[in-house]
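Reviewing the structure listed below.
Chain IDs A, B, C, D, E and F follow the sequence of writing; residue 1 opens each chain.
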Amino acid sequence: MRKINQKDIDNRLTKAIRDLSDPKSYDLVCHEHRLGEPMPSIDKLAKMVDKVRQIIFPGYFGDINLNLGTIEYYIGVMIDEVFELISEQILAGLCFSCGDNERPEMLQLEKDASKIAMEFIEGLPEIRRMMVTDVNAAYLGDPAANGIGEVIFCYPATRAISNYRIAHHLLKLGVPLIPRIITEMAHSETGIDIHPRAEIDEYFSIDHGTGVVIGSTSVIGKNVKLYQGVTLGAKSFPLDENGNPIKGIPRHPIVEDNVVVYSNATVLGRITIGHDSVIGGNVWVTNSLPPHSKVVQVKSRQAEFVDGSGI
Amino acid sequence: MRKINQKDIDNRLTKAIRDLSDPKSYDLVCHEHRLGEPMPSIDKLAKMVDKVRQIIFPGYFGDINLNLGTIEYYIGVMIDEVFELISEQILAGLCFSCGDNERPEMLQLEKDASKIAMEFIEGLPEIRRMMVTDVNAAYLGDPAANGIGEVIFCYPATRAISNYRIAHHLLKLGVPLIPRIITEMAHSETGIDIHPRAEIDEYFSIDHGTGVVIGSTSVIGKNVKLYQGVTLGAKSFPLDENGNPIKGIPRHPIVEDNVVVYSNATVLGRITIGHDSVIGGNVWVTNSLPPHSKVVQVKSRQAEFVDGSGI
Amino acid sequence: MRKINQKDIDNRLTKAIRDLSDPKSYDLVCHEHRLGEPMPSIDKLAKMVDKVRQIIFPGYFGDINLNLGTIEYYIGVMIDEVFELISEQILAGLCFSCGDNERPEMLQLEKDASKIAMEFIEGLPEIRRMMVTDVNAAYLGDPAANGIGEVIFCYPATRAISNYRIAHHLLKLGVPLIPRIITEMAHSETGIDIHPRAEIDEYFSIDHGTGVVIGSTSVIGKNVKLYQGVTLGAKSFPLDENGNPIKGIPRHPIVEDNVVVYSNATVLGRITIGHDSVIGGNVWVTNSLPPHSKVVQVKSRQAEFVDGSGI
Amino acid sequence: MRKINQKDIDNRLTKAIRDLSDPKSYDLVCHEHRLGEPMPSIDKLAKMVDKVRQIIFPGYFGDINLNLGTIEYYIGVMIDEVFELISEQILAGLCFSCGDNERPEMLQLEKDASKIAMEFIEGLPEIRRMMVTDVNAAYLGDPAANGIGEVIFCYPATRAISNYRIAHHLLKLGVPLIPRIITEMAHSETGIDIHPRAEIDEYFSIDHGTGVVIGSTSVIGKNVKLYQGVTLGAKSFPLDENGNPIKGIPRHPIVEDNVVVYSNATVLGRITIGHDSVIGGNVWVTNSLPPHSKVVQVKSRQAEFVDGSGI
Amino acid sequence: MRKINQKDIDNRLTKAIRDLSDPKSYDLVCHEHRLGEPMPSIDKLAKMVDKVRQIIFPGYFGDINLNLGTIEYYIGVMIDEVFELISEQILAGLCFSCGDNERPEMLQLEKDASKIAMEFIEGLPEIRRMMVTDVNAAYLGDPAANGIGEVIFCYPATRAISNYRIAHHLLKLGVPLIPRIITEMAHSETGIDIHPRAEIDEYFSIDHGTGVVIGSTSVIGKNVKLYQGVTLGAKSFPLDENGNPIKGIPRHPIVEDNVVVYSNATVLGRITIGHDSVIGGNVWVTNSLPPHSKVVQVKSRQAEFVDGSGI
Amino acid sequence: MRKINQKDIDNRLTKAIRDLSDPKSYDLVCHEHRLGEPMPSIDKLAKMVDKVRQIIFPGYFGDINLNLGTIEYYIGVMIDEVFELISEQILAGLCFSCGDNERPEMLQLEKDASKIAMEFIEGLPEIRRMMVTDVNAAYLGDPAANGIGEVIFCYPATRAISNYRIAHHLLKLGVPLIPRIITEMAHSETGIDIHPRAEIDEYFSIDHGTGVVIGSTSVIGKNVKLYQGVTLGAKSFPLDENGNPIKGIPRHPIVEDNVVVYSNATVLGRITIGHDSVIGGNVWVTNSLPPHSKVVQVKSRQAEFVDGSGI
């Protein structure tokens, strides 16, 4: 390509490089990597999560032609690979999150990461058990589902909930940062944003799912079903004396067993939606509801328009 | 990385592998692949859909520098490739979905797949004709559009609707599973979830689109426009004597010609939105509307807050 | 795979190829590439945006182990690469968008592209400055955030807003098409759709974000916070004598400083939301609001259902 | 790029395409693929050979961090993968090589391929046993070798001989074409060309190896060592009444146990090099030698040159 | 990884960078790229040569399942791609090779490249015709060949000779540098080094081939066969008054029709090997030979060794 | 693919897996990786060598469009990358080669690797200086060379000699295994096998090169030129009391300044080829030669053949 004067370009590039390399300009938003520490890797975490999904749902994902004669070899190899991948990523999370003065010995961090990784592996059977209930709930609750296989293979909620269950397990084991990366991967792919700290019981399902938000201190009972666009969020939150939000206060809803929430409903604050309730679409709920409640939006009104084509 | 005691790790890994390889634990969620059968492949389907999009909109996608002297060679090669790819995936869909006792001969399935693939190819000119109307509708309806090219190249709805039209065509030819995978691919990329069974007429447009859900028995007329977050969904559905949802009952809306639905509106049940109606944003509609209706949400109220910073 | 009769397939494939190569059928939706002109490339733009993000937030993205001794070399190389990539894509945008009769000399276009690319590079320090404010606003406004690093590394809004600020900068420099591709890339990844023409001031944050739409003529002040599903959109727009929408008229909201808009609220038309206002979730706002306003949806009603399980 | 007149280019390209598509011009050198048959794939064979090498020499190749606790899982998976890969390639070889009239049923070919693949797998332990002797011979015979590991990891002969032993095993099982592809892969990487039909006993080594040629009917005893550039070739061969070479006649040397052949020696014809012989470099041997022979080139002569710098 | 003192490393790295960036140190061996000029690309040339090989031998290479119904589309697309690739690489060659003062206008170079590329395409049918004779000669001359298909698919000489014929064609059209890159690609893969300037007539074959060298001014008649390690080289060459070799003087052998040269023979200087001659292996030939000559090495001698194991 | 009886396959696969996992069968040829240690990686070494070549010959390799304004940034980044890559590979070499009882602390090995890597970087300017002399020698000595650029870009000897000089430098710094891997990479690509321990002075050139072997204790003076197929090798070597070759004894030739060795000559043993000598092709030299020697093969003889077509 023809360029404007090369000399001039060189000078201006050099100036921009110098400006952008000035430590003052990137001070707050620079992550200085300590030598010898691994960085969290979205690619490696994606690979790890894919392998866990292959382990949980044998035969659905990956290139493997599963048969009973060889399944144990494949699961053995995948478990070993998951162990390697998650060990390194847990270590990366531990390193990323600890400040400079509280920093433990690298050797200790490595042992911690390895220990947590082992406990993560040991939790996989329970994650599979939970996912079986979730997949069943989705199948039974959707007249459009043609089989369990379709739910596992196609439904975005299966992906989002499995990422959540993996991330939640890691968070409970004390791993920083990594759980959030894992749920954000599913958020990007499905539009379903479940905070890894939320507590969600079995037989959980989400239909369609785009726009669902489940905040970090939410508590969800058994057999709950959400539709697309549902928010379980927080109202305004208390600030400390410096004007910063106080962390760790429960501020998202408790949703009891057998509740259904229709599309685009917004449920805010530390309220309780009693069991067996139904919340209609597009409503705004900021107060607790007793069990067996049913709420819907007030009737919409006929509008008068000046022109004939829109609003 | 330093590890905790290797012996201990080996024992615990071995136990986890054995647990996860226990057929009882994966019984319901395992897909045992029959030898010699292809698996549905998201990668191959993505490649197929991309090639169809290149065929429909020559010169916009892919690395080809289109010119009139060579276009027929490129379309010839792409058609041949699409034929190979879709033949195999149709076969995969047929194999995935049929149970063990009703299973036809493999040779017969292969011939069926090939026959359907041929009919799919023959439908591509009609798919292009429809897409031309959709793209025109989007261009004419959006003051921010700078040209047809921008609509084709950038608009997520172009991607979502073309995936839907491809998938719907396959579904009408009797292909299981594959159509749903194709619309879910677009759902993941665009946040627009159109069930492949929905019936959608020409000049259809969706603006922005994230969060749109169009249920499986919806029927949409000509020249309909939806904004982001619109749901055409089902209300509660009848159960059979075993408590399972009865499949195949029409349960989503009929939207007649020239209707506009604004963002985040929820339209539920087998109701009819009469032609030339306008539905405002964030409303919840569960009853039929006559032609030329206009509905909007009731006025919102001024709230009293205790603190000054939020809700 | 076994096929149906090969002769028959060949004939039918040939017919489909001929139909699809018929210029009449693709006339409107074909982009005939002029020889010697680059095409806009989503892959190259994604690479460019990734590099800019690496430059803005040193040490967070990419494979580089940042340390102060080598950072200037890395920034130097990345700036040079961004300059090459964006020069070509700007040229592609200029070529894509100009019609046949108004077409300037290629040599002139190349010089223009190079000049604009240089100015784009010179704007990067200001983009970093703005992004620092945005990232701080997100951190301070979210009790769930564990650190600035988590906001930069995990939050989809960081990705969406940085794409927007890059795209907006290019649009102000007169680049067609490319800015829209860049914001649509973020739209696909995050569900956040910000038109590159919108004006957004510093300390801007979006929480969760899926379904947010910010229309092309929106104007947003300092320290504004939006939640998921918020639309800043247009009402119906005036048509010209041919029935086509008139382009370029301001038709989206002005949102003043310190406004918070909760999830799924729809704000439509060239109205002004006064500073320090709070808009509750799921409301539909089509009129201006004075400063310090607070609006929420009217109370939802208790519904009476015939059956016990849904709506 | 600027081009010469586009019209002219189009015409000339079209003519070239037509000429090159004329069946008469490619009649002899065209492989018409029968539908439903796999093609031999160099990529897949390379993957297969790599996996076999990983199985034979555990821990040297591939990304696996071998440890005794998990080795059986890895070998299990690799064996399964090799079985899949080689089954398909054997089938490809069978299809490629059989003419049109003698062609058996596809179903029969598939069963044959599967049966041969199984026998191939069963031969891997013996291939490992042989390779252990070869690697030991190389280590003991080379003062420059720093360990068995270096021989396995770095020596081209290890690669060439393992490819040969794999290919020879397949050839003995009746597989056409594929064995030759496998030895040619090693030929390209190492410059060592061993015909898969040659018979080579244990403790075989080749030093450096570039240029070594071992013809198809060669027979090599135990503990033989060849240096680079050695040819075990054929003299002129008898022709049939049509002037074509008669195939299958033994025409390459028999090399008995404990023979060493130095670099660039050429040994031609069905002669026997007796055991414990040494053949010096650059000699031309076309007659049999008794055991314990030692032959070297006659002394070179002092040359007279006209100018001072060369020959 | 733990590192030695980071400060020290930074200083020493910085010094090394400065030394290596000092123009004096790379003056002679630096290629300063002129902006807007393409660089020769080994990757693109490899892709180009692969496509030409697919065109010449339809059905053997690439992923295409060739059948007569679609072959013209595939050849059409491949021709178009070859035209694009080779146009750019010819331009790169022209730019690379011309000095600073003699440099023509870029626009002119682009047109020249395009014109030459067109002529290259037009020569492909003749290249195919030649290659058919070469492949036939190899098949007829090798008792180990099981079919034409094996010669095309497996024989390294097929690859080396086709690269040579492509490169020679480009060289005759006046393209600098690129032809040599193309023959060196084959040299690396096969060990056969044919200079693109050599003149080689039809029915040419090389058996095994590793180590063959054919110098730039060699002339080879019809139906010539070379074995591995044969050199057709130059003797010492005259120097000009500055002591530099005088370029362009014929200094390699002329080999007439029907000559066979056995392995590792060295034939040097502008001598003529008369037609129907046979040259035995490992000989050193620096004088012309009349037609029907046969030369072999003098008998080797029995050596006396002191120890029993080697030379 | 149809398979033979699946049960039978499973049993036989399981047996093969068990056999191949039996530690007794792989005892000698298994590399048990110690946890936490990197493995030598051919991919990473290839990347490292490519980057060094880009540093040495700026502008020739890689995708960089070199210009003087940005060269220091690029060299800075490449140096940093080379430092990372080679540090890890040096560590891998140190780990690979030390036995179990002599093993130092990992921390110490890491520091050693880092120190050596730093010294390697500091040697790069000298490697460039040497390579400039080699490239000049090749250019001046080859009438077919059209410019320095062609020698750098196309000549296999440039690649082989640069790999050798890099490897030799590492070997002198005490790195095990890695140097040999680096020269074998060049051996595979070029057919030129230079042992990294050989001592080679400046202005060294190799023409064509396939089949050249330079043994580990060779010593080569200034301005030496070798042609293809030349061996500088060892004669038989002394064995110790166990019959193993004694390592480390000088056993390859000393070649003094200004020597030329023609193609396929074999020079064996710790002999000295005096300066300014010329050795003709295909000779076998096992005795020292005084300076200014010239030796060629004795005249070949006219052979008598029975049949007319070969030998």
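Methods note: a contact is a pair of C-beta atoms (placed from the backbone, for glycine too) under 8 Å apart; a residue touches a chain by one contact, two chains touch by 3 or more.
Note that the structure is predicted; figures quoted are calculated from it, not measured.
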Subject >> Recurring contact interface, reference D-E, options A-D, B-C or B-D [over half identical by residue number] >> reply: B-C
Subject >> Which of B-C and A-F has more C-beta contact pairs >> reply: B-C
Subject >> Distance between chain centroids, defined by C-alpha means - chain B, chain F (Å) >> reply: 56
Original post:
So how far apart, in whole Å, are chain C and chain F when each is placed at the average of its C-alpha atoms?
Top reply: 52
Original post:
Whole-Å distance, chain E centre to chain F centre, using C-alpha means?
Top reply: 23
Original post:
Taking each residue of chain F in turn, which ones touch at least two of the other chains?
Top reply: 1-3, 6, 9, 13, 17, 35, 65, 67-68, 70, 72-73, 76, 80, 191, 210-211, 229, 237, 262, 264, 268, 280-283, 286, 296-298, 305, 309-311
**OP:** Report the residues of chain D in contact with chain F in the complex, numbered from low to high.
**Re:** 55-60, 65-68, 71-72, 75-76, 79-80, 83, 87-88, 91, 107, 110-111, 113-115, 118, 121-122, 124-125, 128-129, 131-132, 135-136, 140-144, 146-150, 152-156, 189-191, 208, 210-211, 227-229, 235-237, 239, 262-264, 268, 280-283, 286, 296-305, 309-311
Subject >> chain E-facing residues of chain D, complex >> reply: 1-4, 9, 12-13, 15-21, 23, 25-26, 28-33, 35, 39-40, 96-97, 176-177, 180-181, 184, 187-188, 191, 193, 195, 197, 210-211, 213, 215-216, 229, 231, 233-234, 237, 244-249, 251, 260, 262, 264-266, 268, 278, 280, 282-285, 293-298, 305, 307, 309-311
Original post:
Can you list the chain B residues touching chain D in their complex?
Top reply: 6, 9-10, 13-14, 17, 67-70, 73
Subject >> Contact footprint of chain D on chain A as seen in their complex >> reply: 65, 70, 72-74, 76-77, 80, 84
